[in-house]
């Protein structure tokens, strides 16, 4: 049975100071790292003979408007089936230059997930072959999941906002 | 009712000629093929009029029903606009005209030399066009040519299959 | 009365009958589908939904008639007309009954009796594909075009197997006239008893010629939306749908005429004897025969629907494989076996083929336990 | 075979003049009646309500009883457009085009909260009711509506169709309605 | 890849010759459909026959009154807050003296509107109501609408009619 | 983005050819020049969707075809994008349940329960055994309903309509059980944080038992109609195979993955809600083709059936919800009598209960695979970020590769055997 400690030790010995920290929530460990390290780290975890993180469960973008210099975050959620172990890798990029290397050459499933993250947050995945909007129409000129957009439908006429709690 | 038959014949012939002319005069290949189908159908009607029902139906099945379907099949894939703008220079036009004249001359010449057997009412045999008579003829008097033709067709079929098989790549349908 | 007028009336009756049958086939299809799927089907328009076809027709006549802008207008109109025309023409030679005696004349209950009757049906059916092809092409829609192409190749291919399976019957009868074929089956010696293989092949091909499931590729809803009639609205669509049902009825008639004895039924001689030899008795006997024939045909119409609501459909290449690689060789085998049988005057000889095939299947099923079998793999194409 | 329930309400014959052997009625009414009993749906099913529509088509509720079981996915052949499910703004032009392609006479039923008004999806991406792009005849509430309610909607539409004059589609009011949606005939 | 010891391979055995000949499977399939042809139909003839939907079905909204015929609603607004579709809106008013026979609490909803097209019938309002005033009836649907103007239901359509009181009945 | 679409001038001629959906100009004939393949064949473009009958949900596939063979496909999705994740950021936690209903609408209880379990994990609520068992029963019923739809629709798409209506009747019975449990058929909004909103009623138990009795013959009939029918076998075997490597690469999960031969099942790997108590197998296929997918789903229906049987036999006594007054609504009678209950009631409905700051990922085995909720809470009344891992969205991207080189008919069968649910795909 693989433990988080083992992985943490192994990663620390491999990447050392590139790792900004660890966090554990409900048995899933998050590794905070830099944008440049993320991809080598994931490749390392993918090819590691015992870890074998060969399944990309999810890829999520998050917007932290207050975290200056790292407003946008990308969370890679990896799963090792042989060890039945999950791990998350987190990176932060500034909103002005949200460039993140693409993961398509590691996991093909990253294709649409990255497009979705681009669509919602405007994270620019460098090297993605087809980085266009996926869920929204292409003419859209903003990134809807960013916190500054409340984005209720402005054309709704049948609502009264006067009530408390809304 | 000989008069009715005559009238029918005239109408049929007129229609046949019109549709046959339409085959070459119409510019749209789709219409052209369909006119040809109509021509075959009308020719079959001529056969019926001559009491050669078997021949008529076979003509219909083979030509109108099968071969022309394949023609239509091909035409359906053509990009019609391309062919309309095909330019013809004067040389080809003159060539075509000369060739057409030559063929017309040959046909007229051969028709002129033909001897028509004139059928008379007392010689007329209802069963002439029947399939039984035809079968008798084919399998008794003309057995060898008939069998040779079948072998020929068979060889052609095998050849066609082999040529079709040689197509490169994966399955295409 | 002039024989011409009697004939005209008969022709009109047959014509009207096929129309009515086709019309109520649409109702029957919906009812049969409903009952097979545990639901009642249409039951609001008239008692048991009997006015449903009229409602559909009424609606269709007054629906907007639509011709797509880029479509070829004349061919677009010609398509359904051709389909309808060929469908109606083919019923001309089907003998619906024996003769009726009017005055001194004995008139056959049939459109026209020609000595190549079955070939006529065949010829007209082979023309039937033009309606579909022309309509599908003229619509200028890719789905329609695909449907038209599928229809054309399917019809041509299955015509071959159909014709070959027919030849065995013709060999046994020695005539191309449908009436002769029916008459040789008189006295319970139905062709089905001698031509089991031929019957199955013919029936399969009839399904394919009518574009019915499992061969409904030209119009299959899930792939091509409506296939060749995707672009058609109003009564033009109605014509297409109608033509399909007329075709179905005619092929049911032909199947029952060729293999099920047509208007023959067991003990018909005794019935005819009991009814007497005079004109009325003869006519009543003919009417009974007509009724029997009609019931047989309707059973096959039902059969068409029954199969449609049971089976999945083929894929295009599988359809072609079935036609060219299974049905045609089988039909040729059937001809050879029948020929051998005829040579030694054993009429039931083609059962030999059937028995051998079934026997081999049974032996194989018994020999190999399930576990010993391999894993299903996709059949290599070509 | 199952016994037929006797209490099925059959369609009443239209008012007319009866006599021995003839029954004359207003032609218009007959056609309207025919239309109302042969409403072929075009199921424009995008989400949950589409699943309920399957149930409506199914054995337990059976839309076929009303003569509308032939789903025609080609807009040319259908009479009523059943919009079932959320219509996103990306989808809206397609609904509209499908409507445009339908042959007259055509009717629209908005099935469920999402199609009628946007439902709970009060967001940037969802169209707040399809009546912003196509004219709607019947709204069916519910999320998703029960099959009974969908049947109610269809029956309500039958009522509308029955009372629609034959010439309505040529009337200037109808043209104006279409024009207000920007649909030119 | 084997991750657990509970996997079970599906049956994908080679076709036997009989299966290869199409006909047995076709015949058995057709036997099934024919059997259903003569089966009793489970269809509910809807407008004439109606199904009992169970005691907790979430249908038409109703604003309950108490036994004395007073409205229970006190316009606290919890239902409006709980509504995910934001379909409920209300205007509260103070009960005047002399209106005690109309309203049970000191505050009542002068206007209580539900947008029936927005409503998703999730039942959260019923759950949220501390006064047991709003219910979703189990025996009635919201009718279909023909125009947008009639979809907002006010108190005239929502408040319970004392002659036809709503009772939530269980299975008989 | 234009606000008012009705004024957009996207108008086309009315009698234009009915392509089902908008013409995609740049992918059709480019400037009138036909697309030509490498070996010189003229290719056509076929626009499948968004309203094509076989795209049950709504998505578009622009297929480049050589005759009937598909050369390449470009999928477009997002036609019912509803911004679940955005809405979730301004809704109290309990209202998000209604959103999850509409995600995979064929099996909403699984989504509901998955969401509830996620929140319970965050809040640290222990759910009593009885509630867990009830959840299992509901989830497995939902799985049966989901798989029934998928498999019978596969039948419909291959032309056999009737089996669909036979199993639909059983689905109807499942919906009746839901109705008895929560009052709705499809969008159930079932269960609450900490358990269920009400106990299994007698009637519900009766209906479940009746379902257990009547389901097997119908299912057997359905299997008999298709499983060994050669037409069906020919249509499905070898169509759209997915190798194990490809499945891993494309992030497959659920039945589609198991058809490829990998027995990954969240219920077994990370048991939740007492799944470890039940005995069931994981059906796996061989090559991941359409037939395998069909058969795996059929097998799973039987396994779910087994689980339901076990759960209803061994249904433990006890409360049906956790004793967590600050998260679970008190009974209505309490609200009147008990001041504390009234306060909790108000607080819960208003969403004023403090939620711990933290982060949680919880996955359940949804109808289509691993359905995960990644909830990040900053202590506010609604999630800071809720990312839903929607299995359909992830594995549908393999579709272009799966349909490469097959015929149009195959492409459609592959699509329906993947069971892509639009609500889940587009979120």
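Assorted remarks:
Residue numbering begins at 1 within each chain, and the chains themselves are lettered A, B, C, D, E and F in the order written.
One rule holds for everything that comes next: a contact is a pair of C-beta atoms (placed from the backbone, for glycine too) under 8 Å apart; a residue touches a chain by one contact, two chains touch by 3 or more.
This one's a predicted model, so the numbers in the text were calculated from it and none came from an experiment.
Shared contact partners of subunit D and subunit E are A, C, F. Looking at C-E and B-C, the interface holding more C-beta pairs in contact is that of B-C.
If you average the CA atoms of subunit A and of subunit D, the two centres end up 45 Å from each other.
If each chain is reduced to the centroid of its CA atoms, subunit C and subunit D end up 35 Å from each other.
If you average the CA atoms of subunit D and of subunit F, the two centres end up 28 Å from each other.
Residue positions 33, 35-40, 66, 221, 225, 230-231, 309-311, 316-317, 375-376 of subunit C each touch two or more of the other chains. In subunit A, the residues touching two or more other chains are 81, 84, 135-137, 144, 151, 155, 158-159, 165. With touch defined as above, residues shared between interfaces to two or more other chains in subunit F number as follows: 1, 4, 16, 18, 20, 52-53, 68, 78, 81, 83, 86, 98-99, 101, 162, 165-166, 169, 187, 225, 229, 231, 233, 237, 262, 264, 269, 286, 291, 350-351, 407, 426. Of all residues in subunit F, those touching subunit A in their complex are 1, 3-4, 77-78, 81, 83, 85-86, 90, 121-122, 248-251, 262, 264, 269-270, 350-351, 358-361, 363, 370, 372, 374, 376, 385, 387, 389, 393-398, 426-427. Touching subunit C in their complex are the following residues of subunit D: 1-2, 4, 8-11, 30-31, 33-35, 37-38, 58-59, 62, 64-67, 69-74, 76-77, 79, 103-105, 166, 169. Every residue of subunit E that touches subunit A in the complex is listed here, in rising order: 1, 3, 77, 80-81, 86, 89-90, 115, 118, 152.
Subunit C makes touch with subunit F in their complex at residues 33, 36-39, 66-71, 139-143, 146, 213-214, 216-217, 220-225, 230-231, 309-318, 375-379. Within the complex formed with subunit B, the residues of subunit C that make contact are 72, 75, 78, 114-116, 119-120, 122-123, 125-127, 129-130, 133-134, 137, 145, 148-149, 152-153, 155-156, 159, 176, 316-317, 320, 381-382.
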